[in-house]
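Got some structures for you, see below.
Two complexes come next, and they have one chain in common, chain A, joined by chain B in the first and chain C in the second.
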Partner chain A sequence: MKKQSLTKTMNPGVQFLINYAVPIIFTILVAFAIPLSGLSNEYLVREIMTRLSRDSFLILALLVPVMAGMGMNFSIVLGAMAGQIGLIFITDWQIIGLPGVLLALLISTPIAILLGYIAGIVLNHAKGREMVTGFMLAFFMNGIYQLVVLYGMGNIIPISNSRILLPRGYGIRNAISLVDIRQVLDKLIPLKIGGILIPVVTLLVIAALCVFIIWFKKTKLGQEIRIVGQDNDVARISGINVERTRILSIVISTVLACYGQIIFLQNIGNMNTYGGHSQVGVFAIAALLVGGATVAKANIPNVFIGLILFHTMFVVSPRAGRALMGQAQLGEYFRVFVSYGVIAFSLALYAWRKRVEKENERKKIMNYRKAFSQSSNTTGGNKF
Partner chain B sequence: MRKRIIIRTALVAALILIGIFLYAIGKEHKVLIDNRDISVGDITYSASTTYVVWVDNQEIGVIKKGERNAAIAIGISHKIVVEEIKSNVLTGEKHEKRFRLKTNESTTINIPAMINNANEWINKTN
Partner chain C sequence: MKEKIKSIIESIGLPRIIIFLFLVLLFILTPFVGIRFDTSINDVIIRFSMNGILVLSLVPMVKSGCGLNFGLQLGIIAGLLGAVISIEMELTGFAGFFTAIGIAIFFAVVLGFLYGILLNKIKGDEMVVATYVGFSSVAFMSIMWLILPFKSPNMIWAYGGSGLRTAISNEDYWIHILTNFFQINIGSHINFPTGTILFFALLSYLVWAFFRTKIGTAIATTGSNSNYAKSCGINVDKMRVISVILSTVLSAIGIIVYQESFGFIQLYMAPLYMPFPAIAALLLGGASVGKASIKNVIIGTFLFQAILTMTPSILNNIIQSDMSEAIRMIVSNGMIVYALTRVVKVR
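After this line comes the complex of A and B, so read on.
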């Protein structure tokens, strides 16, 4: 991956501030908001633990496309849709407990692979504009998802459970109770430390994914993805099938997002059929960016730093908003403002860095040309 | 190439089998438990007392004479245990039966028939 050489000439302190502007701003905000909120430490730790187990998988799903130079994968929403379709089926079939979650994973995997493959093909046609294309693709696929779930299920796809079917006989209800699979992973090995439930199995699954990502980077495919991320042309000359590698990275990301959504929803215990997936991409990307990741570089520590900072902000902002302005609603607005704002800020910062980097490169070439032409003049050689 | 196709086919088949297995072991079944009189041919098994009922080691609760309760059982093989209550005290007299349910089956269990070992103690429906 290209190293950011934007501020080579700047002093290290300024360079650090520019590179980690987003996490620094968030740390300051959180440091101010926690005492204002008046929440106890125990409550905060419990909430962060819950969100750590709930959201980590989804954010980790974003790492592979960043490695492949495709930026933040807004099309993880497609994976979330696949996960929800799996959950609709197990609810209809009344498969409950851990087998239900595992079956949902199994059913949704081929759907996620297919959607990831489609997304990969589309993104290959939009090289350099993957993020906005992914964003729009998510909207487009949301339309198809709604068509399938609202009109296809019960009509073409057999669904018979009256608990999830709309009274008219086709289409799925707006909210589905997942009470039969609620927290089955989290409570599989019950462990409480200081009154805080530790979701051992979920954390182990997340740890396994982290190990997988570290291992994956060292595999042949992982190396190929990294080379593609650095330079498509160099990768092509090296004999790597760039298009295939990019598709594979999106497929992996989509499948992981699908699993992430199932883990997320089993923790919550209910599902918003038509809206549950739509914000997944934005919140996961915002959390990753808050952790200090950029469009071109993201790693596992970014995931966890971002998750803790972003979700601490989520937890404390309504209370802090009420303490400051007398209205909890303000804190809610602040959450949304922060989510979108942090993405905009990070993207703008990244674009600015790139521009400065290009400018530096241009200046360097100009200086080199100047020096070369001067030396040619003095030696009487050919002009550059 | 052929080896690759065989491996992929085997993998897909294995995943389908795992799916079927998960479906079978995770399927929810409704179990209705009656503590009511039941007539089988000329014989009538009468409900005479109150019972505490467990299905798959989960306590369902107390079922008084003439009452019905419902339980949710998961999977294929199940066990029902009933214990008599007399004068609000558990007598320690337990009756246990095992039963199996297919994926699409629900069942109604009659306690008087069950404790008398009548064949009609269980009535499975699709």
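After this line comes the complex of A and C, so read on.
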């Protein structure tokens, strides 16, 4: 009973604490870990700048499905797969530099649209549990991806470059060097401030995406997606094709994730063919949740706050682990724990609040009914 | 006649029929690709006995309406703690094995209780939260394996480092204690693990019997219609917690039996993905998100393990490449996706 009244009677301060529990805990964590790690400020700023340009596109890709009420899109992994397939092709054809990146984007777009379409249909069949289904779908598609890349490429799909083929003649190597397109986007307009490289073009692309998302919310499709996110039935009554809208939002997310993965990999400069994509979803979602987003509400500030907090923790935790316990391995496990733990905690917190609110709503209706039936009793008309 | 065939197919389920026919094909192929038929059968039986209890452990939670237990790792962690502590105590043979189970049950009850309370707070979103509770607890325990003060030289790193090894051999303690119990040898290639199978049968029977007691019926009612259960005066939350504890305890026992047969206790990130094959096996046996029985467990574990054992050996011989990992991923995760997209009642 006490818990049920939590959301209703709490003062605004406590309300704020519960709403932003994850970012607050994280800020405290990071504030303790930074001095422990003993890393210089300059190093930290450089690292964060790199990760800002590397990861924010992927996190931004999560926003549209949240708007559509489909929760965190664990199936952005599918988009990452599409991006990697594009990169495999341009490496095979040895198209280097900026044209290579652009061609990779071009090749992977239709693949991402197709995968997003499939994911959208599957998720439409699993309304109410999109997240766990998306998560399992990513695992399933990983199997298909492996089948295609490890057995199909060089066999059925023509790949001739022996640098990326396995010695047996088919299948792609475990690691592919992307040295020919390494940081072409980041270094297109070279700018250094105080010894720190600013990846101007990448940041511009990210800014453009932010503008696009803000604009998109105001378009007709954006509005429809938001109505679907509010209430499927209301949307259906107002003539919106709910299923189609949900599929579209997943397609958009998947395509954005595909571009995000290409931006990510051009920064890193090499590709782990079979493992690179699998953690994309977890890290992006953990970062977004750290930024104070919930399953039902996520905006652009959440993306950047989350990214900075989450990745600062990522940078400092191995060194902090060594300083604290004498083992760097400990910090490694700690950051895995935090990534998963943050998702568990935020999802649980949200689900719990949703339940409490539902319960309150139900009580309100019950009270209303009681009051109504009493008043109708006194007037003599017992219609119910 | 056509109608009848249709109804039979419907009652068995199309995925099961496809998998079964595929399996029959694989078994027929064995002699042609130079694999002994009896060794294949033996492998399937051994794997069945290893994994049976882990799959069985999912049943109580499905029955109580908590969905598929994607947080199976919590029980596994309890089991690992039991195994590791029993080895630390230098107990061997049956004493060691049952001490491990006893300690594991203790931890499983505590963890299961907390897990159950958490799942009650988040009704309707159990599966996705459970997945990440499972993942994060595995990562948390990885930290613990590093810093817990275990001393046994058989378990810590040899070169003076602290922390437990990633895989600990239980060879000197209780390896094959059940497997070799009244083991029946047919020919030179089939070693029927009587003890393990009997232990699995015993636990299956206990679960079956439990769901015929008053509490068991109450749990099943909770799962099939929680509002109806409430109106019958059943404490729904309590029943759910009991089912979660039961699931966690069973999975703790399950992992110890697995290790007993396997010979190693795998720590750190090894349990991370363990729920998925178990869940896939249960679903393959005909269970759904809201319905499961012992029959599903037995059929599912057998089919799933048979596919897992047969596909790599046959495919390797036919096309000279090991596609088993990809096929395993597609079959097991595809099964789970398929089950999640089936329409079930809205709670």
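The rule is simple: the second predicted complex is superposed on the first by the 370 of 384 C-alpha atoms of A that agree within 3 Å, B and C clash if a C-alpha of one lies under 4 Å from a C-alpha of the other, contacts with A are read in each partner's own complex, and residues count from 1 in each chain.
To be clear about the criterion, a residue touches a chain if its C-beta (ideal position, glycine included) is under 8 Å from a C-beta of that chain, and two chains touch if they have at least 3 such contacts.
The shown structure was predicted, so the numbers you read here are calculated from the model rather than taken from an experiment.
Once both complexes are superposed on chain A, the partners chain B and chain C fit side by side without clashing.
Judged by the touch definition given at the top, the superposed model places A:100 against chain B, while chain C stays out of reach. Of the two partner chains placed by the overlay, only chain C lies in contact with A:150; chain B stays clear of it. Shared-chain residue A:352: touches chain C; no touch with chain B.
In the superposition on chain A, no contact is made by A:67 with either chain B or chain C.
Seen from the CA centre of chain A, chain B and chain C lie at an angle of 110° in the overlaid model, rounded to the nearest 10. When the two complexes are overlaid on their common chain A, residue A:128 makes contact with chain C while staying clear of chain B.
In the superposed model, A:250 lies in contact with neither chain B nor chain C. Residue contacts after overlaying the shared chain place A:228 against neither chain B nor chain C.
With both structures placed on the common chain, the touch criterion links A:334 to chain C but leaves chain B unconnected. When the two complexes are overlaid on their common chain A, residue A:180 makes contact with chain B while staying clear of chain C.
Counted by residues of chain A touched, the larger count belongs to C, out of chain B and chain C.
Here chain B and chain C sit at a least CA-CA distance of 32 Å once the structures share a frame through chain A. Touching chain A in their complex are the following residues of chain B: 15, 18-19, 22-23, 25-28, 72, 74.
On the chain A side of its complex with chain C, the touching residues are 71, 122, 125-126, 128-129, 131-133, 135-137, 139-140, 142-144, 146-147, 150-151, 168, 325, 327, 329-330, 333-334, 336-337, 340-341, 343-344, 347-348, 351-352, 354-355. Here chain C touches chain A in the complex through residues 70, 118, 121-125, 127-129, 131-133, 135-136, 138-140, 142-143, 146-147, 162-163, 268-269, 276, 321, 323, 325-330, 333-334, 336-337, 340-343, 346, going by the rule given at the top.
Across the complex, chain A meets chain B through its residues 90, 93-100, 102-103, 106-107, 180.
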